[in-house]
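We just call them A, B, C and D in the order they show up, numbering each chain from 1.
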Amino acid sequence: MNKIGYFTRNIFESIADTGEKFLDLSGFRGTPVQELMDLCNDLISHKGIVSGIALAREVVTRYKALNDNERLAFFQELTLVIESEISNIKMVAEDFVHHPDEESLQELYKSLRTKYRKLFNRMNMAPNGTEVIVDLRRDLLRLLPEHPELKAIDNELRRIFTTWFNPGFLVLKRIDWNSEASVLEKIIRYETVHNIGSWKDLKQRLVENRRCFAYFHPSLGDEPLIFVEVALTKGIANSVQTILHNEKEEKNRDTAIFYSINNCQRGLKGIPLGNFLIKMVVTEIAKELPSIKYFSSLSPVTGFSDWLKTAINSGEDKLFGEDINTLKLALQPDWYPDPKIRKQVKNPLMKVCANYLVNQKKNGKPVNSVARFHFSNGAELYRINWMGNSSKHGMADSFGLMVNYLYDLRHIEINHERYTGKGELAISRNIKKLLS
Amino acid sequence: MNKIGYFTRNIFESIADTGEKFLDLSGFRGTPVQELMDLCNDLISHKGIVSGIALAREVVTRYKALNDNERLAFFQELTLVIESEISNIKMVAEDFVHHPDEESLQELYKSLRTKYRKLFNRMNMAPNGTEVIVDLRRDLLRLLPEHPELKAIDNELRRIFTTWFNPGFLVLKRIDWNSEASVLEKIIRYETVHNIGSWKDLKQRLVENRRCFAYFHPSLGDEPLIFVEVALTKGIANSVQTILHNEKEEKNRDTAIFYSINNCQRGLKGIPLGNFLIKMVVTEIAKELPSIKYFSSLSPVTGFSDWLKTAINSGEDKLFGEDINTLKLALQPDWYPDPKIRKQVKNPLMKVCANYLVNQKKNGKPVNSVARFHFSNGAELYRINWMGNSSKHGMADSFGLMVNYLYDLRHIEINHERYTGKGELAISRNIKKLLS
Amino acid sequence: MNKIGYFTRNIFESIADTGEKFLDLSGFRGTPVQELMDLCNDLISHKGIVSGIALAREVVTRYKALNDNERLAFFQELTLVIESEISNIKMVAEDFVHHPDEESLQELYKSLRTKYRKLFNRMNMAPNGTEVIVDLRRDLLRLLPEHPELKAIDNELRRIFTTWFNPGFLVLKRIDWNSEASVLEKIIRYETVHNIGSWKDLKQRLVENRRCFAYFHPSLGDEPLIFVEVALTKGIANSVQTILHNEKEEKNRDTAIFYSINNCQRGLKGIPLGNFLIKMVVTEIAKELPSIKYFSSLSPVTGFSDWLKTAINSGEDKLFGEDINTLKLALQPDWYPDPKIRKQVKNPLMKVCANYLVNQKKNGKPVNSVARFHFSNGAELYRINWMGNSSKHGMADSFGLMVNYLYDLRHIEINHERYTGKGELAISRNIKKLLS
Amino acid sequence: MNKIGYFTRNIFESIADTGEKFLDLSGFRGTPVQELMDLCNDLISHKGIVSGIALAREVVTRYKALNDNERLAFFQELTLVIESEISNIKMVAEDFVHHPDEESLQELYKSLRTKYRKLFNRMNMAPNGTEVIVDLRRDLLRLLPEHPELKAIDNELRRIFTTWFNPGFLVLKRIDWNSEASVLEKIIRYETVHNIGSWKDLKQRLVENRRCFAYFHPSLGDEPLIFVEVALTKGIANSVQTILHNEKEEKNRDTAIFYSINNCQRGLKGIPLGNFLIKMVVTEIAKELPSIKYFSSLSPVTGFSDWLKTAINSGEDKLFGEDINTLKLALQPDWYPDPKIRKQVKNPLMKVCANYLVNQKKNGKPVNSVARFHFSNGAELYRINWMGNSSKHGMADSFGLMVNYLYDLRHIEINHERYTGKGELAISRNIKKLLS
């Protein structure tokens, strides 16, 4: 993708090759994990750059060769490393507590620059180093639920990634039909909100009244970090099928609908990219197409169906009042082909959905993660759309409901502040009516 | 230079513009420094990205508008900020000392993620943010000698830059006559070892038997960080004039002479770039031109003249033995046009020079900084060249002596280790003879 | 595809727009064809560039809007134009015959620079002009068989294209998985020798042991003119299915098999591109992969089946001798699932095929056009492969036979000369044996 | 400059290398010119592309090695070739005269596709072929005045170049401070209207209120064909010194002044590029900067001084009437430092200049070539500027007078037509007043 990037990568490979000749690996004996740990220790201690790159490559290559169990073992070994540093940190911290001056503060910083951090920073010199470290965190996150002791490594990686993937270092690119097939293939693979079934399907999403933007990092080549798909429409679209089938050739388009946002790298979970991407894209579209006045998402109500089922089954009837029996109809399998039932459940479902999005909270924030994301970005909960996603998945997940979150540039800042500061949610009159 | 980079920068500008409309600056009153501090506090506290970028731009713009005294005042204000955090760090550190577990460790990390760090990370989102922060450190370093209280800020910036300018994120580019004029102009400006007098002079250094390589960072556009100039020669060149005047059209070239290395950004002082660059370039040349077998610098003996003068004047005669009187001849102004004197002083000067480079130490390392750099890279002190730089500056600085440090790929690793571990210097037989 | 090309194209559009404002089209009345003819006359006579480009665009746009009948009528009008010039040419030619000097020669040249040529050269200034003129010839070629009077226009276009598409102006590009989707889509569309069924199928043909190269013209943007697909194999492959299914992950590859060559632009029929492309690609591969020693096609025997049927039915028995009855077996539908029949017909079919390729001639050249192409390039008829293409189409077209034409760089020049000069064919021992 | 172009060029080199191995040059004996002619004959007759490219390269290389006398001899040999074809052309022409049908017409075309044309078309396949052929015409044009017998070759080359350099194939690029130094160096070299003294001077001409555009041809790499320098000003500038010294930092710019147009390739003399370039650039600027309303040249009155001297000396007094004596003052050396004389001669000189530009004609067109160029483009003679170019050269060439030719998009078409059709010149009221 990037000429120069490619050149550099080759050089890293060559330096690694050169270094390798002088890298005496004959002394390494033991299990793959032990050998890898030995190499890691060398990588941390060696200061020579030549064998540094070669060592980094060796570490990276061997890590990739480990199976799942070995990776777990490797991570566990790593946690031991940090434990061995705790006593040192403690000593330095005590020192600082007794004599809190600039010098002892710097010592404290230094003691906290643990071997982990050194290890990951050194590994980053290897060819494709950044990529491997991102993948390493992906592996780690998979193991974490059952191995909470690995949390310390994740904490470190998270700190590192927050700096590495600072928005100021990311690169926004438009994706279209002139993009490289290798990149487009990744878009197909990473799209999970509304599946892309074929290249023809993909082309449909890159035509004249569509936009797709992705964030890249210079060290990750043509691997997108996150991307968003946008439809340009007349008025705020209320159905994802209309968008996906690209049915209307509309004139006088005035709205940009963000209908799919996808994180691509599991290893970057929790590193904030989406909010920044949306605002970059809003700005880019506003600049390219001055006629576009409204910016809105068309988002799923992920998990609404499950939540309702659980709530009804656990007998939280007071939530639903007299609608309880009507709502139960929608819990039946295949309720929706019946127009009579559809008519009956429509209003109750939409009311409950509004309620779910606005009033169901955890730690003072909405339980629904999509809502949390958009509220935190300063968007307004604008409209709940009946039959907004009539696909099988859409029906099962949220009774076909889809939601528009509106990005009004004049209000997002204040919305954001009220949300962050006081937990207040920005909701439209429309939604207020549903709630009353 | 970079299409996409340019695109992104524009977007940042636009986002900042958009944000600015909603940025109410009317509440800010006071001196420029006070207003700037207020904005910085907002930038740190605000989490909204839209006005975040606008705020970041405002901070950056106002910083650039400050005069020298105001910048000093601003830095001093900043140091107060951290002092205000010390008590919190202390509290958290105490907590950690008493209950040293993962959780309290994370709290310690968090407390050390000071407002400085937040500030610089947020400023980095502004258009050209990275550049301004690098320049800010340049200003800071200028003030530091007289204002040691600013050291804390520098410590933080140094930590940040070490991550940002990790070799894995740098991009190596070859500079030649097809490079953009805007880049070449910078090469002319930043070359301080052997001045480039004109574009014609520059072109001479980019011809077929010359190479020039520079490191760039994706967020700094076409600003080089460091560059090295290389001459391809037959045998290890001993005179910089021969190289600069490009006199010999040699065949059977077997050597790459690194005759000028220049750091371009004063704000990156102390961030290690040079050792890595040299090794990258060695590898690149070895790949491009398999006939090149030897890699050597042709380096100045910066400060040798001053040192000798001081040493003789302070009467450290035992250093020089019976050569003392001959050496004094070289301290006369304009000694070198006289062939008789030249003949007399040649040997004594070269012996003293070898002595100076090898035996004059401070903290166990050579006092000469150029020597330190190359020894630390694993190079060998190979040869001292009489009349290696016959320019006025060369004569004044080091009696015209120049030094070759040899990079032998088979030995640099072990040389480096011996130097770092035991302080042993790699020196050639040639030099040993001079010393004996 | 090409930044600058894009820029220029836009400019052409803008100039055309600018010109259009001052282009008074109100005087044009009549049928679409008459109006177009009037515009063409203006385009030829006007010398002003501003309305020249606008006029050229108008001509191009109107031509594209014509239906098939109108295009025919337009071409017929054009032929009248040249007829009107014949008398002038005749006069000038007479003049030249009487006074054959440089001046009268130049007049003759001038008279032959007919209005056609001017028209097409002026049309070329329109945005996408080159593309439209190539498509215009495609239309013309379709009509030509039934309208031989249009031959004169085709003769002129052929002369023009031979200059425009001089090999020195073409650009060779490698097509791979990093190419733009818009280009790859065209490769899928234009591949007619061995159909590409899907994007997955395409990707298979662009993997590590495959190559694809195409010729482009700077004025035709990302429209390929011709492309060739290559498989890198161990030994000279004898079956196209092995290649298409990419079954063997071979080591020690020593051969490049050209298994599909496709002309993309019908409007460029007869303009020689293929021979040049093959030699460019041979050179490119030889440079990239020194281990590749052999270059060969794997080509169909297009029309062999039809020829044999006709020959047998018309009773040309002496051609086949005693094999006649066996051969008749192969004319039965669905003969090949029967292993007994297959065994019986194999040898006779291969013998007849060799005979067909080598001895069946028209105007002293082989009747088989694929054979003509390769012989004329200096290739050697190397081998006939039984079941070389077992697809339905392959069986129907040539009883599944496929042929290797070998490109031996040491012999192609002399082969070519013998073929062109004396009509001698280069054939291998193998083939000679079949023929004896 | 162009990645792909570079790739292709390399391939051509490689093919040429490959071909060379099989190119037996041992048979060639004789003077360099004879050997070259033999090779040319082979290049024309050989149809094999492989040795075709090698032969083409050999021809090109040997041509470049010839000295001036040998080149002349070579051209003379070439003219003999065409003479040998005359009898054939004559025969075919006779045939056509007797039976003027499509077939005999095609034969006539064929006979006129002389060996020259074949030769140049084949030479074009060599690496850098196009460049060498353009340079060959440059050599030819230099010899032509003394060797009119070479005219036939020039006629052929002119015909070829008119097709090769059709505006539809040219590429417009903006030149700025980010352009490659190698290209900028050529701009410095080719600027002859207003000399560029240094790189600093060049940079001045590429700043924010300046534009520079050049035409390139895809086969000529980074060699510009023609370029124009533009200043954006407030009002129509009347002095070239103001522009060159870039003195005023003007606001409200509304005018683009074309102050220097330079043809770069002498070998393309007479191939129309300038008119097209101006209109492309007008359009490009109009699109980029909608605030620019006026487009005008600031042009020299080349040769005015010489003409006036001759006219006065030859006693054509009636042209000047009573101004004759005043005008004679301006013929004195160093008249202009004297303010009194300046005041006296100003009006008479401007009147005579207007007269010279408008009324002095040859073949019905103005004798002044710059005027011819702009009138033919549809521009209006707008203003004569006193002290428009106060440089030594400007004073000597035209008494410091400079002229604005105005490009008013609403009138250029009709101006052009009146000029071409009836020889009418478009002149402003201003000029009319001077003439009355």
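We adopt the following convention: a contact is a pair of C-beta atoms (placed from the backbone, for glycine too) under 8 Å apart; a residue touches a chain by one contact, two chains touch by 3 or more.
It should be emphasised that the depicted structure is a prediction, and the values quoted were computed from it without experimental measurement.
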item: Starting at chain B, fewest touch steps before arriving at chain C; value: 2
item: Greatest separation from chain C - chain, by CA centre; value: B
item: Distance from the mean Cα position of chain D to that of chain A, given in whole angstrom; value: 59
item: Intercentroid distance (Cα basis), chain D paired with chain C, Å; value: 37
item: Where chain B and chain D are represented by their mean Cα positions, the distance between them in whole Å; value: 50
item: Per-residue overlap in chain C, given as positions that touch at least 2 other chains; value: none
item: Chain contact graph, described as a line, ring, star, complete graph or other shape; value: ring
item: Complete list of chain pairs which touch one another; value: A-B, A-C, B-D, C-D
item: Chain B residues touching chain D - in the complex, by the definition given at the top; value: 1, 177-182, 184-185, 198-199, 203, 222
item: Residue numbers on chain A that touch chain B, as the complex places them; value: 4-5, 7-8, 11, 14-15, 18-19, 21-22, 46-51, 86-87, 89-90, 93-94, 96-97, 100, 102, 105-106, 108-109, 112, 121, 124-126, 129-130, 151-152, 155, 159-160, 163-164, 166-173, 218-219, 275-276, 279-280, 283-284, 286-287, 377-378, 409-410, 412-413, 416-417, 420
